[in-house]
Amino acid sequence: MLEALVYGAFAALFSGTVLPLLYRSKNARKASFGLSFISSVLLLGFAGTILYTGKGALFPAISFLPGLDFTLGVDRLSAGFVLLIAAVVPGVSIYSLEYTEHAKSEAGKDLQAALTNLFILAMLLVVLAGNMVVFLIFWEIMSLSSLLLVLHDYSSEENKKAGFFYFVMTNLSTAFLFLGFISLFRLTGSAELGQLESVDPGALTLPFLCLFTGFGIKAGLVPFHKWLPYAHPAAPSGVSALMSGVMLKVAVYGFLRFLLAVPSPELWWGILVLTGGSLSALFGVIYALKESDIKRLLAYSSIENIGIIFIGIGLYVIFEAEGLPALALMSLTGACFHAFNHALFKSLLFLCAGSVVHATGTRNIEAFGGLVKSMPVTSALFLIGSVSIAALPPANGFAGELLLYQAFFQASALNDPLLTVLLVIALSGFALAGALAAALFVKLFGITCLALPRSEESRLAEEVPRPMLIRAAVPAAFCILAGIFSKQLLSLAGLDVEYPDLLLLGLLLGSIYAALFLAVRAKEDHEMEKRPARISETWGCGAPTLAPSMEYSSAGFSEPLVMIFKSIYRTRIMHRPKYFDGQESLFKNGNVEIRLLRFFEEYLYIPPARAIDSISKRISRLQNGKLDSYVLYAFLAVITLIIATGVLV
Amino acid sequence: MIDPLYLEGVIKILFVFVLISAALIISTRSLASVLNTYTVQSFLLAAVSFLLYLIDGKSELLLLAGLTLASKVLLIPHFINRIEEKIKIRRDLDFTYLEPTTSLLLSIGLILLSYTFLSRVFGDLALSRLFFFGAVIGLSLTLMGMLVMFSRKKVITKALGYLSMENGVLMLGIFVTELPFILEVLIVIDLIILVLLTSILAVGLDSSIEEYRAKIRKLQIWNGGEAL
Amino acid sequence: MALIRKVKAQAQGRKGPGIFQAYYDLRKLIHKETIYSPASSGIMRLTPYLNLAALLVCSLFVPLVFVPEPAGGFGNVIVFLYLLALERFFTALCGLDAGSAFGGMGSSRSMSLAAVIEPTMVVAFAALAFVLKSLNLHEMFALTAGSILPVSPTLVLVSISLFIILIVETGRLPVDNPATHLELTMINEAMVLEQSGKNLALLELSHALKQLLLMGVLINTILPVGLSTEADAGKIVISALSFLLKAGALAVVIGLFESSLAKMRLFRLPAFYMMAFFFSALTILIEVFA
Amino acid sequence: MIRFYLLAMGAFLALDLLPKSHRLMNALASGNALLHLALTCTALLTLDLPVRYGPSLYLDHLNLYVELITVLGFCAAAPYAKGYTESLMEEGELDPKNLKLFYLAFNLLLVTATAALFSDNLALFWIFAELTTVCAAVLVVILSARENIDAGLKYVFIVSGAMLFAFLGLIFLFTLSARALGEGTLSWTELMENASSFSPALLLASFAFVFIGFGAKAGIAPFHTWLPDAYARAPSVSAILSGLMQNLGIYGILRTYALLRVSDSAPQASFILIAAGLFSIALAAFSMLQQRNLKRLIAFSSVEHMGLLLIGIGIGTPIALFWALFYMLVHVLVKEALLFAAGILHRQYGSNMREDMRDVFKLQPRAAWTLILGSIAIVGMPPFPLFPAKFFILLESAEVSPYLTLAVLLLLILAAAAFSNFLLKAFSRVTEEGEGEHGKEPGYRKKSFQDPYVVRAGMRIPTVFMLALALLLGLWFPEPLKVLLEAIVLELGYV
């Protein structure tokens, strides 16, 4: 029965992939997105039941390669992530239905439709993968399809850069996964991921490091995060929603899958993960504050949220190592739940951003403003998204963080003082990140939707077509519900953790709100006949009318924080003079720019790239086309080989 | 019947001559003299195998001597002569990477290398001094031929280098063990084909495309024929 | 807060407004009409109610006069903190809403300051949680209730940081000057600048409420004497009275503190917060090592 | 027996000299290829291997397998060659008179390769391998343009020079056998039987020398230098055919290494193999990064894959060998698809350089996608079968040392990056409307690049076919293949 659901989903997605390629028509594309929608519904049912019953299932294995079967399996963890996928997909698929039609060429549209389906299918199968090889296979397909989607507009220069960078990074992560899995395989002698009980923890160090790096790269953990802000703006919005909503979580899933298989994780693993998480949380949000490209900003905030999730995982490992299962469970739940929530509201935000960009034709925040009037529904949804990502009760963003906070607050249960201190430091970082995120989204929403339009485009912006609205409404609804019913959800999933009932809270909030509102409204009403509510200009220090240029800009908004964190935003002055003559004596003109020093790129990414480049230049100079030198190489090789043999004998 | 010891002495002397010829191939500038040296070298080889035949009367050795004489002393040099006439090159002046003197020094190094190597490898094989010496000469001759191949510019000279490599191989073959005669034949056939090919190409390389087409049309029948 | 003004006035040698001035203001405002800017949007209308609602819910979290049995996750510290955050979030939004430069500046500053104070707050409350071994304000204060002195010396440290937090959160000197309308100095006022009439009244009210709540937390922490744990009329009366007394005392203290300080420059504030952070961190350290 | 075969083939070639029409010649060539294919398949199916006919013809799973791969390549290349040579002649690059020579060499290459594979006698193997070199060289120089000749010369000199060392190795082997058996022999079977009684030192030495020779044939760095030039300068077909000869080298190495496994010097030998493999991979990966020339890129990538194969052989575990053999097959398939597509692009733009390519998707969508998918396959990404092969070889390599695995992985990233970089740069060049005349680039002097070059079916079909076959192998691992490979592994004495 359940299997049927899954197979149905597979079938739907697969046909959704091939359909647009076979019949290249608009209807085919429509059909394919419809299919992905259907599949997501099926999956919702499937994952829900698994989560509820808690009974895992192992699908019959298909013999695939000599010495290796093609196995799929599902348990609570994977079911949770399937649920995550299924929650995000509907929105995206309805959204893309409309969005795809704006692609340049017909072929491009078909391709987008097909690849989107393939991408979803791959992610689904990664989560359901029963052994490492299957996992890797679909992992690669996932990366590949997302890469092609990022390159959908291959002619633009920045997209090319983004695509290349993404490709290299994702290959890097895959390489580390390879090594990690291979060493696991060596240890256990089987491709199954589950059986680590017999292995002694010491031997697991190498796999752990490899997998942490690999998944960290894919999840966009600082300092491997750099590909996110490049790739996300390049991809079509629906896909960016999938990438940052789901794909990053798939990486998280893989990491959890490994950690949970380890019988007794070591303490320092937890500390490492915790540090990585805190760092990315902080850096992510701090860089996001400075960003003025809306999609890039969202990408950075994804980095932050991934950081939060990894903080949760780190806590889990620490508590597990310290033998506090209750707290471990709590933080693990927090991590997973936050992953789920982040998938929801981040996809929501990306979709909103997509429609905003679609309406205004620019990604620059400074050009937005006043959209709340021109596109009310979108802004409302946007507000919901912002509220929940700023982790305000009772929206769902809060729910996950609440669990983590609780876990932190009970760190006193640890009997290792230094560890506690560490946790407190991490806690303050966590809190700071949270507050900054709130500031960030006040800025984003305020500047984007409120006040007066800052540019012609945003004045002329009009509401996007209905499908694009419905799609965003779906995750929005999920956001609120998942927040309010968080306790119920968790208990449904069979996780009983100490947790306040947000439903009650929400109800209370709502009712009081209503009461107040009615009261005041009533009062107003019987005043109405005397004095109607007046509309008058904003007070602009006596200026007759208020020009948009007087408004607070996004850069201005984040200025104080920039001042406070100026040690992190390093700036560098570039001075490029031009001269009339070679002696550089007659100064013609020049430009001096102060730009943000991209710390990680300049100290972490560029140098190795340069090194490799120079090496390869030097090496390819060997192939100089002269027969003499070729024979010389051969000669030298022969000599060395002879010597080597002489030595070896 | 001559006293074998005496013969061995002669052979040793021939070895020295072989080495000298190799050195000459490395260092001389005039193509003609390189060719002649090669001829002499091959002749020496033939002589050596003949002497060996005198020592232990294996008929293969005699045949080998005959073959070498026929192919390497007569046929190939003659052919290369024709080529050299076709392409008007008399001298091969410029050396790459190695000047003659350095390459001579290097070749001494090569001899030492092959000596040590073979002495390690043949440790438990108990060859007689003479034969071991021969093997060493053979290996070093091969290496020196390679040295020629990359230190001389003109393709013809490279071809000659290749040929002398092959001499070295043959020599090693003679001394390490008695190869079945068929092998020798095979290697010689191969040799001839390669010489043909390379020299044709050499002709092509220093002549404009058009006339080259004419030439290759003349030669293509051989090519197929030889390979069969 | 009226009292604070009074005290300040006294300290500055003026005869300040009467204690109940604040309530007069509110009444006046409620009777005034509401004015919206054309630039503004639903946020403007929505915020005041939402804020007040949030703070009313908050008030259920902090036991002022007596400690009920914790139920349904009420009194959860984190929820408490985040409800405050909710209020701040929307205030900031409606600061941006009208599109006036003041509002923007105000919300920008307040969000920045909030961001910086946040770790301090969290850690301070974490310290509370550490000392009192609970996540729930009610449980905490059930623990402290009744004793004359703070149950643990470390609480004194916490309360210092709580005091600073109180100052910051309620936007008083030296962080923010509630009385000023000079754009360079104002933060909180700037955001509500565009509000008027009933909405303004609501905002003022919620502001006062917030202050009250924080004061309550502080008081219950530092000297919980007289705080009753069971809902019995007599006790409640007593504790109510005692609370009024304590609150008054605290107000006086704040007033004096304020009038003795000048407003700080915006970017010197983080240092000021670090003090609070230091204290609460210290608390935890002591708790841990002892 | 092998003589009969040669006689038959000689007759066939004589026949090949007669016809005048291109069609007939091509038909003969493809007929020849198909004939071999049929023979191989029947041998595989009917005979109970291994069998010996007469003194020197020896059939076992390994050489039949390699033969199968080679012949597959030829079968695909034959129809492709027709279209390609025709367009070459239209361009006036190929002298019609050379056409006969071309096909002669084509058939001859096939015959010699087959003879080499099936000859039991090492010496015969050696000589036939040499002959393949010659034929391949003829194919390379077929355009008789200066750079072709240059490339051909390099090919001949380097490979044959190295092959002489291989001959030295053979002499050593002969000596060994003479010592062991009293009567010297060079037949694989006999050598295999009593390799255990040989002196390890000399065995290792002979292995080293043989390795030099066949390494050069297989294009192992640093003997690979002939490869890029041959690929880049020869017409695609010749490139393909000379590429096929690499497997011959691998085959030789495989057999010789199998000799060593029983003796004590196996570890040293596998050390040599792994070192050489790693070196090749590194060199290839680094030089791929700089390539602007598509065919050179592909050439270097085959150097890289040969390196990986060597590692797979050198590890010396059955699993590694199994997958290495599989790898051989798939590599040929994918590599041919790539080269076919590259050839089509070369016809389109008259150049292999990245700068000259423009509007690829508009002009040659099929070739473009073949290239993209082919590159995906060649960098070892699923669903293509190089992925599991890579995985298992690396899995076994972790046995040797995890650092080896890591190094290989990182180098493979470089290779992948090189491919993606090239494709991105080459394919993303789109001409907007109103963009000026591109008279400068050589590519457009030949043709105005608006009109797509019409790809003949004979060129399209093999291209797609190869890729499809590879994909199929990736999705479904046929049982008979598994059996065959396991049989090979057993025959080579891996347990």
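The chains carry the letters A, B, C and D, assigned in the order they are written, with residues numbered from 1 in each.
What we mean here is this: contacts are C-beta pairs under 8 Å (C-beta built on N, C-alpha and C of every residue); 3 or more make two chains touch, one makes a residue touch a chain.
Being a predicted model, the structure only gives us computed values, none of them experimental.
S.K.: Look at all chain centres (mean of CA atoms) and spot the one farthest from the centre of chain A.
M.R.: Measuring from the centre of chain A, the most distant chain centre belongs to B.
S.K.: Taking the mean of all protein CA atoms as the centre, name the chain whose own CA mean is closest to it.
M.R.: If we average C-alpha coordinates per chain, A lands closest to the whole-structure average.
S.K.: Name whichever of A-C and A-B has more C-beta pairs touching across its two chains.
M.R.: Contact tally favours A-C.
S.K.: For chain A and chain B, let me know how many angstrom lie between their CA-based centres, rounded off.
M.R.: Here the centre of chain B sits 69 Å away from the centre of chain A.
S.K.: Can you work out the whole-Å distance between the CA centroids of chain A and chain C?
M.R.: Going by mean C-alpha positions, chain A sits 36 Å from chain C.
S.K.: Taking each chain's centre as the mean position of its Cα atoms, how many Å separate chain B from chain C?
M.R.: 100
S.K.: Using the average of all C-alpha atoms in each chain as its centre, how far is it in Å between chain C and chain D?
M.R.: 78
S.K.: Where does chain A touch two or more other chains at once, residue-wise?
M.R.: In chain A, the residues touching two or more other chains are 627, 630-631, 634, 638, 642, 645, 649.
S.K.: Quick check on chain D: which residues sit in contact with 2+ other chains?
M.R.: 150, 153, 157, 161, 165, 201, 205
S.K.: Enumerate the residues of chain B that touch no fewer than two other chains.
M.R.: 117, 120-121, 146, 149, 158
S.K.: State which pairs of chains touch, listing all of them.
M.R.: Pairs of chains that touch one another: A-B, A-C, A-D, B-D.
S.K.: Touching residues of chain C toward chain A in the complex: what are they?
M.R.: Touch list, chain C to chain A: 30, 33-43, 49-50, 52-54, 56-57, 60, 72-74, 76-79, 82-83, 85-86, 88-89, 92-93, 95-101, 103-105, 107-109, 111-123, 125-126, 129-130, 133, 135, 193-194, 198, 202, 266-267, 270, 277, 281, 284-285, 287-289.
S.K.: Which positions of chain B touch chain A when the two form their complex?
M.R.: That would be residues 96-97, 113-114, 116-117, 120-121, 143, 146-147, 149-151, 153, 158 of chain B.
S.K.: Can you name the residues of chain A that touch chain B in the complex?
M.R.: It is residues 626-632, 634-635, 638-639, 642-643, 645-646, 649 of chain A that touch chain B.
S.K.: Residue numbers of chain B touching chain D in their complex, please.
M.R.: Going through chain B, the ones touching chain D are 117, 120-125, 139, 142, 146, 149, 155, 158, 162, 165-166, 169, 172-173, 176-180, 182-183, 186-187, 189-190, 193-194, 197-198, 201-202, 204-205, 209, 212-213, 216-217, 220, 223-224, 227-228.
S.K.: Sort out for me which residues of chain A touch chain D in the complex.
M.R.: Residues 64-68, 107, 133, 136-138, 140-141, 144, 151, 154-155, 160, 163-164, 167-168, 171-172, 175, 178-179, 182-183, 185-186, 206, 612-613, 615-617, 619-620, 622-623, 625, 627, 630-631, 633-634, 636-638, 641-642, 644-645, 648-649.
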